[in-house]
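Okay, got some structures for you below.
You will see two complexes here that share chain A, one where it goes with chain B and one where it goes with chain C.
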Partner chain A sequence: MASGTHAFDDFPARPLGRRYGLGSKHMWTRNRFPFLWLMPVLLPVLLFIGVPVAHAFWTSLHQVMLLFPGEPFVGLDNYARVLDTNYFRTAMWNSVWFMVLAAPLVVAIGTAIAHFLQSRFAGSTIIRSVVLLPWVLPGAISAVLWIWVFHPSFGIINGLLKQIGAIDASIQWLNSPDLAFYCVLIAHVWTQIPFAVILVMAALAAINGETIEAATIDCRSGWRRFRYIVFPEIKAMIVVLVVYNALVAFTTYDLVYAMTGGGPGTATTLLAFQIWRESFAMYDFGAGAALAFIMVVVAAALIVAITRALPSDLFGERPS
Partner chain B sequence: MKRLLAGALVGGGLLAVQPAMAEDITLEFVVWNYSLSTIQDNIRMFEEQSPGIKVNLTDYAWPDYQDSMVLRFRGNTRTDVIYGGQDWLPAWASAGWLAPLDDIAPPDTLETLKSEMAGFALSDVTYDGEVYGLPYYADTISFIYNQAILDEHDIEVPGTWDEVMQAAEKLKEAGMDRPIVYEYNQELPNFFDAFVAQVYGRGGDLFNEELNAVFDDPDNAAFQHLQWLREAFEKELVQPENHESNIITTMNTGQHAFTVVYNYVLAAMNNAGEQPLAGQFALAPMPGEEGATLGFAKFYAVTADAAADPERAEAAWKFIEFMAGQPYTVAKRWAVEDGLGFAQLPLLEDQDVVDAWGTWTDMQTHAAQVESARAGTWTEWTAVWTAYFRPLLASAMVGEITVEDAMTQGAERWNMLQEQFANR
Partner chain C sequence: MSWRRRRPMSTFLISALIFAFAGGPVLLALYGSVVPDRVLLSPERSVFSEGISLENYRYIFTGQLPASYEVEGAQRSMISEAARQVPRSLWNSARIAAAAMVLNIVLGAPAAYFFARYAFPGKRMSFMFIILSPLVPTAALVVPVYLIMQQLGLIGSVWGIILVHTAQALPFTVLILSVFFRRLPAELFEAAILDRCNAFQSFVRIALPLALPSIGATGLFAFMLSYSEYMFALVLSGEASSRPVSVVMAALARNTDVSWSLLNTGIFIAIIPTLILVVLVWRFVVEGLVSGSVKG
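For the complex of A and B:
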């Protein structure tokens, strides 16, 4: 029997009327009214995703300035206007660069930590719990924590650097256009690592123990064992994580809002933050919605590009 | 028996009617979350003396307040009385979200309150010739210095921005890392307000009487002051802080001599119960040829929605009169307990206020500052424009863009918005 098919698909050819007649026991099969059965799921999706997205698209085609009385149709004017601003170009560049740096960093560090935590040692259970801590902290709390870490007068980093004599004067981590971006990046990576650790640990746990045992006997180099035995087994998970983290990094907002407010100047202004600024600080919901749709298109294109750039055998069927 | 039955019916009927007659009016009061316990206590006192009126309090964080209010208005969320700000008033009033108090207040009472209000505050609560609010507090942006540090280094209190620069450089040479602490947060309205206050100190303005942007002229005081700030940042004389609460702590390390901040922050800096260097900080006139500063008022306002319902309008007026009207009990409480400034001029003579403020500031200097304070230029598009302009200011200060670029782009945006709002 072909795998993945349902028993209802295997009916012998019989006249439709007899198969699905009112008195038939198959009257309410899922093949009879597929949309009806899907309605309980589709309706909320339509209501909570379809309607807001459609409304946002409508907004992007109208002049929706909260302080103006009417909402006239303006076609693609909002799109043209936001594309023409310096803020957009800077935000786009910052977002892409942020994504390019953040996604691989999260996955690489997460994989390394997960690999390390696979081994049993004294206190490993406690360390596993501690590693998950950043995950349970809301973004705003994480931001406050990192603001204090980077604080010029009271921050631990400047304190340590001064103690070891590496610097005489405090470094203005979050107030320097050259450094603020990387500070936010560090904070972002820190918040995302736990999720990567969990997923990679799950993938590592699924590897056949005998395979690892055999590899340990055959190959003494830990790196080569990881490269040729472990990595191929968790490759699919790594790809999922890269794509997921690319999306999260590209759309991140809360840390930027709370840590730097997009500044200094535009140094940490990412697209998602610019959407907020257009909509809520400048009351221009039309421009904000247009920017949001541009962001969706760019994100989709980037994800397609990432998945296409990856080896084609990643999600191939396992040999039976 | 019939009488008994009739009596029972009448009594029952009255009981049935009673809940409707005694139904309280509940006012929806929305604030930002400064000192919520004091607000709640003020509400409790109001409810005690105003039977039949309840007040339901909703609060938002200061950085989120403007967005939250706009969404409440647009979403028709029931809102009766709010905290308003001078920079938002023209936009919110012109959008029809707020009601002039002339519509709901007894004319004589309102005239009396207006006559006792500081000039800049009255200007801040007025839009298109009508008064929209009574001051919750009114304050100035102040130049604050550490007297002990200046004494130790034999430095006079600077009277101009050049003197501030010279003093800061002298302190830096003497080993102080960054003598000036500056509230640097481009998402906060304070960031723009402080800049305007410094420009007023120089005797300039960003706009002319026709409301045209003039700050892109290199001879304009705003242009020159942004250059001054950029130079101070370049020379590493400035310690940026993202919130006034951090300024209190940072100034109390004794590693910084000057700051520009809301005046009530001085009260917190000199709070002997909490700060190690309390008593060392003093107020000076804003440096510059004119020594003026920005005065501003935050106020209680009534929504147009509430004003349209006579019962709610009456209750709302009673409430804001209690909070900001004579005998100014609540305004006095804010002044005495929290050091918040006030627009009600009779409080300048109030002995309790004088005694309380005397512990953390010089009342004569303060009174002179209030007298010379100027209101800002607040138009329907100011709030939208400042959201655009603040990041430009921030960029220019730290050298990300030139002063000329910041001012040119800011002026272009101002002109565009001015035209857009004129044609809406």
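For the complex of A and C:
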């Protein structure tokens, strides 16, 4: 009863909201066991993510190659070496561009679908289930499905385009440096939408029904109602989703690997794929780890920028 | 509660569009799994003239080769033994993902609640630590994680994969759940304090039941993250019989010799169990959401 015993000491002196809300110092002094609550999360994250990260950081400062025994300290050599390659610049540009396109697309489409599915109509249950389909598939499977869709000879897209007479010759979707990137992007967006839909739907369902009823009377236009009434209520969730999707797009790996293998040329070589290539194709683990930490710095900077650009009350002082 | 009035025509069109985009590729896999390659790859033949065949399904479950590969000179390499591992790998994946889901909820929910409702020294730092830890690309962590699991003697056991997947999903579980917990009205918890509930009691008796749909959705997320994770599953799983479905399917997909219809059959079999699970849990989650138990 750590929090109960002193709860009434200064009872009428302050408004309740201030005394027990987030940011109130009084609440904290009474709960002396943050560790018990946080340990179950901090411990596994520390052991299975924190320690490996530290190990990878050590690797990035040493020359760790399979072919050369001994692991001498080389300082920032690995970093300098990685930054100097053309591969890095291409992969960096691809990854940033991929993220800039993918994250807003996923969140915008996801929000639109969630908003659409909020009301019931004949068959809405079926559509709600079908929307989740891409979510249940491992990346390798999604990749095969989309290779099949984009297949130059037997794919459905070329088939349809030929049927309506839009094209005569097959378009080499995944073999053309210009198109492959956007094909992978479409497949990636496809795999990420269900999660966005679920979370936005949950956030929409949590909105007070009276707010919506009042809005229905006040705002005739559906778009204005969404912009001024619904959107502020789900903004915190949208910010979380944008950050999460930016991260996923920036670190995605298996879809690209299985769909194009980074090619044609370097058209779809993303940074995460480049790490894999440095480490497991060239057996230069030091360079791979150095690249990973360059990526972490860039990703952290991008996330800070995103959270600045889209202020939310997530880290605010008071519960909403 | 009606959000807006719509015309049935536009509702139908938008539904059809969503259906085609989300379900289209999966329907193509279903189609590909019931017609043989010679129909799939030939523009003159179609499923209407040749009829459907379940030979590939029969092969995966019983090992009996499709008739067209029994004839002399057939390309035997197009039939891969790896396809026969699919049913067993589904069971492995289901166990791993279910365990990761339960661990995520049990470990993550209290911490999320604590972050949402309490201020304490080091809050921002520990939150940042949890949220930023998934920033590091997994490709760089494969070797260190392998070494740790080797120390713990968990290579080739499902527990190694379960632990890594749990740790990978926990940051997101905490982040998402704390957003939900913050939306619960503060008055409820003030009332609980007046009733002399301690922090743990108000968590178990008030926050948990109210946030149950959200917890269900978050647990589902952890399940899916584990189910589709590939790299750690590949490194930590040992022999063929203990591999999860993502590893088996990737091996099958990279094998360029394999017949398209066999590949599609494997894909479709791999989809079915999770499909059932998602529909079931989705029903439960959506009903909880729509019935308004979390209205703020």
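Everything below uses one rule, namely that the second predicted complex is superposed on the first by the 264 of 320 C-alpha atoms of A that agree within 3 Å, B and C clash if a C-alpha of one lies under 4 Å from a C-alpha of the other, contacts with A are read in each partner's own complex, and residues count from 1 in each chain.
Convention: a contact is a pair of C-beta atoms (placed from the backbone, for glycine too) under 8 Å apart; a residue touches a chain by one contact, two chains touch by 3 or more.
Keep in mind it's a predicted model, so treat the numbers as computed, not measured.
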| item | value |
| --- | --- |
| Which superposed partner A:Ser170 touches (first chain B, second chain C, both, neither) | first |
| Partner chain(s) touched by A:Ala143 [first = chain B, second = chain C, both, neither] | second |
| A:Ala281 touches, of chain B and chain C: first, second, both or neither? | first |
| First, second, both or neither for A:Leu105, with chain B first and chain C second | neither |
| Contacts of A:Met237 with chain B and chain C, given as first, second, both or neither | second |
| Partner chain in contact with A:Gly50 - chain B first, chain C second, else both or neither | second |
| First (chain B), second (chain C), both or neither touched by A:Ile294 | neither |
| Chain A: partner with more touched residues, chain B or chain C | C |
| First, second, both or neither for A:Thr266, with chain B first and chain C second | first |
| Set intersection of chain A contacts, chain C complex versus chain B complex | 153-154, 280 |
| Residue ranges of chain A touching chain B (in the complex, touch as defined) | 65-69, 86-87, 147, 151-154, 169-170, 172, 174-177, 257, 261-267, 269, 277, 280-284 |
| Chain B - residues contacting chain A, complex | 66-67, 70, 74, 91, 94-95, 177-178, 184-188, 236, 239-240, 242, 246, 249-250, 253, 255, 380-381, 383-384, 387-388, 391-392, 394-401, 409, 421, 424 |
| Touching residues on chain C, where the partner in the complex is chain A | 1-4, 6, 8, 11, 14-15, 18-19, 21-26, 28-29, 32, 40-41, 106-108, 110-111, 113-114, 116-122, 124, 126, 129-130, 132-145, 147-148, 163-164, 166-168, 170-172, 174-176, 179-180, 182-183, 186, 189-190, 193, 196-199, 213-214, 217, 220-221, 224, 227-231, 245-246, 249-250, 253-254, 260, 263-264, 267, 270-271, 274-275, 278-279, 282, 285-286, 289-290, 292, 294-296 |
| Contact set on chain A toward chain C in their complex | 1-4, 7, 16-17, 20-25, 27-28, 31, 34, 37-38, 40-42, 44-45, 47-53, 55-56, 59, 113, 116, 118-119, 121, 123-124, 126-146, 148-149, 153-154, 156, 190, 193-195, 198-199, 201-202, 205-209, 212-213, 216, 222, 225, 236-237, 240, 244, 247, 251, 253-254, 258, 271-272, 275-276, 279-280, 285, 288-289, 291-293, 295-296, 299-300, 303, 314-315, 319-320 |
